[in-house]
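Note that the chains are named A, B, C and D in the order they appear, and that numbering of residues resets to 1 at the start of each chain.
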């Protein structure tokens, strides 16, 4: 084929060397802060998350209770901090589970192609044929709820999309001539997948992972709302919102605080995802 | 006289005159200059080529005229078109001129047509917009326009969607759309670069005819000097955002005045068999991306004629006595571009008996609809409920040849002819559907994949695409270290030294070990890819279009490098390229491939000299096409009749039934030369006779 | 095109069968004892066994599946354990109301999402783009039920502008019918909009950066035509697939939104049946929702085939 | 004393109600001709079944039955047994034979006349094992039932039972007609003040005025629509915006806001519905009375009532509510004694840091708060309680009575016997489901109480009963919850009963 490299114009030249996108910097900073505070929540939190101060019920935010107290007189701010652990853990665990299953499937499907590919993809098609929430509801309705199970259920949900993304990137990479060069050396499967393919799939997976974390956090909240989520007195944000919604007129801070926290988290993670995407594909960002 | 036309002439007002055009791109705090103080003029009915390598700024000039550069570009200077300075017009007014007064055709016809609109509609669009024609009338005219482009089944093409057309056909449709309102100026930005050489020749002939018949002026942007010759009166050479030479086309091509022009012409291989000792002239180094001309001549760092004085101040564009413009103070005093010559090695003699690679009747058929998706549920009665859709595409068909140790076999053919597939079959990256591939006497097909390791060490590959030939996540050092580790070719402690030695072999500094692919230029990446192939100490390398993605000057250095390595290590190559001239430069023998079959094979001299296979002749004619010749009717994606000669549908000499039904075997003409053709008297001229209109029944569009 | 349709139809059929097996197995894996559930607290093992026999729970699973699936195919969805009423009329009733909600939301999401995406792409990097992205960011940053509560408080409780719950029959007047849909549709739209908007934006930007748009500009077409005729037409094609995907999220959203707005639809029915372990209800609801999703994907595939000439007009000319 | 049933601060019903029956029909009628009056009342859950005999859970089911059907007897808001389809009744001396005299001229909604055979059919249906009515246990003392004549029914009991008329007021004992059995779950036919019109599951149940209702002048409303709105935030907003006219059974967290509203108000009565903590006395370690006593000491009833119900509840000793005349006010309810509990636990060999799973039926925030508050107290005594919240139906089907430790709650029953016998008698069905408590002394007291017709005797016996359970109670009845409903200010004369019934028969809407 006689197609030449597209002529790199000066404008493109400039674009290639742009500094990190603002979204990535801002989002990354917030996410990093969130992770640090979540990790140190036990030490930062002014009160134990389940300590009740019955006499101080329904206190609006004040100096003692930064985000007010809930119907048991528990400190909403402390619960928020502990809740960030659960919400982030749910997001991270679910995403890790789906990556752990989806990435190898996608790599193998894309690398092996043919019958292996077909078999994997058709199974994924069936998984994708379920509306997202259905699978989770089904899994959670069958057995008593727990955080890990919620995470697994949400994780299972994301296996198919992650595997698909991985596969499509892998297929792209397969046409890369460095892959053929490696095959011409007679490299083994594990080297091909782990050294040649995975590092190149990784950036795209990071973008996808950010989407999945967001999705998991939100879905976790919905499940808590529907009563299939974590168990009280755990302070998962979704459950806090769900419990606080009864007091939304009289003590709005109980549901507002976790709502704002979740909103910030989700936006920050989305910003990171968008920033990464922008780095990978300069066209999208501008 | 014609040289004058390229300049602002007071007597005849030019159609387009560019004065002191400077283009800068700004973003954030950085700034890059794409064109610097460019001035030229194009007379009515004339044609001017702007020639330069990637990044020289030539496309930015075209973009500035079309107002396509976007908000980051800052354009100064004036652009007089039909006496009016269009630089000062409002964007809407400038947009109004496009398609009406100025037509434009771009490089890649594959993406330039809107996939969601019918072709005819897209040609009719400017007529509706500018001439105010009602759509039905415009559509009717679009059909006529397509016919004018040499398309037979114009009505059918007009109703087609772009994906149903071949590349050449698309480009014809795009030219038709650009010329729909008969604009006085047509800007062509690399219009043939993405096309096969035979198609390119046809498009060039078409443009030449249109220019003659319609009197349209052409502004032709290209990287290819030889293409320019066929179409243009004048040529402007750009280097690093500057115009370095401007003049009448024959004068520039035959007696280039600027050192860069000289180098560019010299690095282009001639269409002739080369001796083992011959090397191409090459321009050392690479074009700077941010050169400041105030510091001196921008070409000085690469110029073999360079003197201290060249770097002291800016070079001015001076007029030579014969009306030529050159940006070099000592242009008059220059000799020819220095040519590198290696001590002529004796032409080696190869014995067929001790072949390193022996390919016997090898075939490869792709099942394009592989896997479960090939299974279809039938809705029509009579068939089994599930059936497998038969979509089998033969890519390589009954090919036999051998390569001796130290021999280079060139493999030429157009895109899709199966030459890359053949290369991969040799390396067992694909398994053949039939026939055998032997390496060093061992039948590779019989070896299980695991047992191929010793073969893999001895046979390597270098690819075309410099963008993807290296894993972007591995440093150069890691990439070169891997084969050493895999085949245990050096002790772990010695591997760094060995990597540096490999870099030295491909003439890269040892410090490149730490670099990543994105920090390398195209030529440097290709050197690393060659070094990686050399790392296993192979005896045989498949070079799959190793220079096609590179600029001419870089191309020459890589070809020279490959020749040096061949001589130094006694390597055998299968050198695959679509470019007959490049193949001829390096190959001992040449095989010509068309649609999965070898139609001619012989020593380089035999293949390049008559008698030819009709297809070889067509390739040669396209490559050597100096003069505009009458173009043949567009016959681009002809389907070969199964069982017949693969070339029959395009062959100007077709004999009829025998060509359609019987596949001609390779017929030896000499001990080393064989041609697969039914003709008794083979075409005997390098330049073809007038192309006979092929059988209209078969003349697919 | 015919081959394409046949292939897609075949795929959907296979997937539906696979899904029905999955739904059947999953619901039968529920540890709860259906017979005990039906009979209540005072059942005895004998009465349970008798009922299990009557319901066919003592048959081998494949036979049970066959019975269940063949009944389903004939539109017989069995009897609700809890209500002791046939499932089908209840389900289709709820389905109709959910469909109104879904179709309404999809209509708003697609028009608004496409419009916002196009606007953001055309004015990329400028304030309409930023405004659209901030709006969509906020929309997706909280789950549907939260927005639902916010809307109820704002429009229902505080300002009394709109009914905050329930459903009104069209026969009782168009005004009430629409008024009851506004808040649920707005909630669903808010959370779904981002996906469509962003994808339209990026595919629109890709289209605007494409060669054929450059060429269309080179034909001197005004920018409006370039955007509408050339860029949009191609940018819409991937949006179809995204809208189909969003339909899946919509189903999830409907479950939550119907609960918040007391909207008597299929989503609420499903959650209720899951909570009450009402097996026939649950199976039917899941199967119908999944089937609808499949059909939505099929419709998108077919539509994709229609608008994409590559599929509609397969081969090359000549 | 019985007036204490209604907490005076809550009710805002006026004298109008008293005068209403006589005056209002004349006032309302013209208005109704102009525009049919429809009352829309929001319930959080939908009716599980329309078959009265098969109902298991109170709330919406009972309310629908109350308004669409009639029973032999009814209980007024003061828990007094009143005539319904039976106009009078009497028992033989030994309290083993009861005769009910039926109201003449009553018609079912489909026009069929009502007579004794319908009563016989209904009670036989209740006693039919295959129907699985929860009432079967209560009536298992019935040996036979016979129609003496079309308007007289006789029950022959195997034991003496004083509370049969009250037991007959159970909603599952609503009288159905044999010929309408087929459509009972889709289009039920009763004899109540309202006729069933339609039921769209998940949406609404519509009832309309029964013009042939046997009481004169009622009902005054043309239609009652039961709207299903699962979220109270939504239903309260709907009440405030006028989309519904009443909200049934407001959770305590929604009372405060509505109390401040200008367009709606709350009516709240004390009710017999109780919530508490259940431990299974047959499972380790609750078979050890020291552990049971320790757990009783852990529970600070007033504090938990405050946390769980924000004061809209009253701590109690047993299922006999504090407003009942038999309630022993002299027994202190007391607070938590963590130290004492710890000591007992140590004696019983329960290690500190013991992990205990507590199963809680969900969808009930007060019950979840109750459990959470208990968890906090238990933590102080070194017990780690893990809450396991399950969907209610799942809980009732799979966990209730099978797990060793749970939170639970029951609707108030009409008589002390119904309140206690099933739960505390060793043969009691709930006892054998929940906590498996065996105490021959308690059995003796309960058996004696149900066999006497004397109120003083009963008061003494039930007083003794409450004392006996103070220390060794098998599970802790923590409080009885108030029953609060929200009403639009337009709504008049809905009778809010402590049995958690809204009686719409006399209700009306003002403009």
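For this structure, a couple of remarks:
As a working rule, contacts are C-beta pairs under 8 Å (C-beta built on N, C-alpha and C of every residue); 3 or more make two chains touch, one makes a residue touch a chain.
Remember, predicted model here, so these are calculated numbers, not experimental data.
Hopping across touching chains, the smallest step count from chain A to chain C is 1.
Taking each chain's centre as the mean of its C-alpha atoms, the one that lies farthest from the centre of chain B is D.
Looking at A-D and C-D side by side, the one with more C-beta contacts is C-D. The distance from the centre of chain A to the centre of chain D, each centre being the mean of the chain's C-alpha atoms, comes to 47 Å. Centre-to-centre spacing of chain C and chain D amounts to 40 Å, using the average Cα coordinate of each chain.
If you average the CA atoms of chain A and of chain B, the two centres end up 46 Å from each other. Centre-to-centre, using mean CA coordinates, chain B is 88 Å away from chain D. Residues of chain B in contact with two or more other chains: 108, 373. The set of chain A residues touching two or more other chains comprises 227, 245, 248-249. Looking at chain D, residues 231, 233, 363, 391 sit in touch with two or more other chains. Here the touching chains pair up as A-B, A-C, A-D, B-C, C-D.
Across the complex, chain C meets chain A through its residues 11, 15-16, 18-19, 22-23, 26-27, 29-31, 124-125, 137-138, 140-146, 149, 153, 157, 202, 205-206, 209, 247-249, 251-252, 255-256, 259, 270-271, 274-275, 277, 282, 286, 289-290, 293-294, 297.
The touching residues of chain A, counted against chain B in their complex, run 1-5, 7-11, 13-15, 17-19, 113-115, 117-119, 122, 175-178, 180-187, 195-196, 199-200. Put simply, chain B touches chain A in their complex at residues 25, 27-28, 30, 32-34, 54-55, 57, 59-60, 69-70, 72-73, 108, 190, 193-197, 223, 289, 370-373, 415-416, 424, 427, 429, 449, 452-453, 456, 459-461, 463-474, 479, 482-483, 486-487, 522, 529, 532-533, 536, 545, 548-549, 578-579. Interface residues of chain D, counted against chain C in their complex, comprise 42, 46, 48-51, 54, 56, 129-130, 132-134, 136-137, 185-186, 200-204, 227-231, 233-238, 240-243, 363, 391-394, 396-398, 429, 433. Residue ranges on chain D touching chain A, taken from their complex, read 231-233, 251, 253-254, 256-257, 303, 306-307, 310, 362-363, 365, 368-369, 371-373, 375-376, 386-391.
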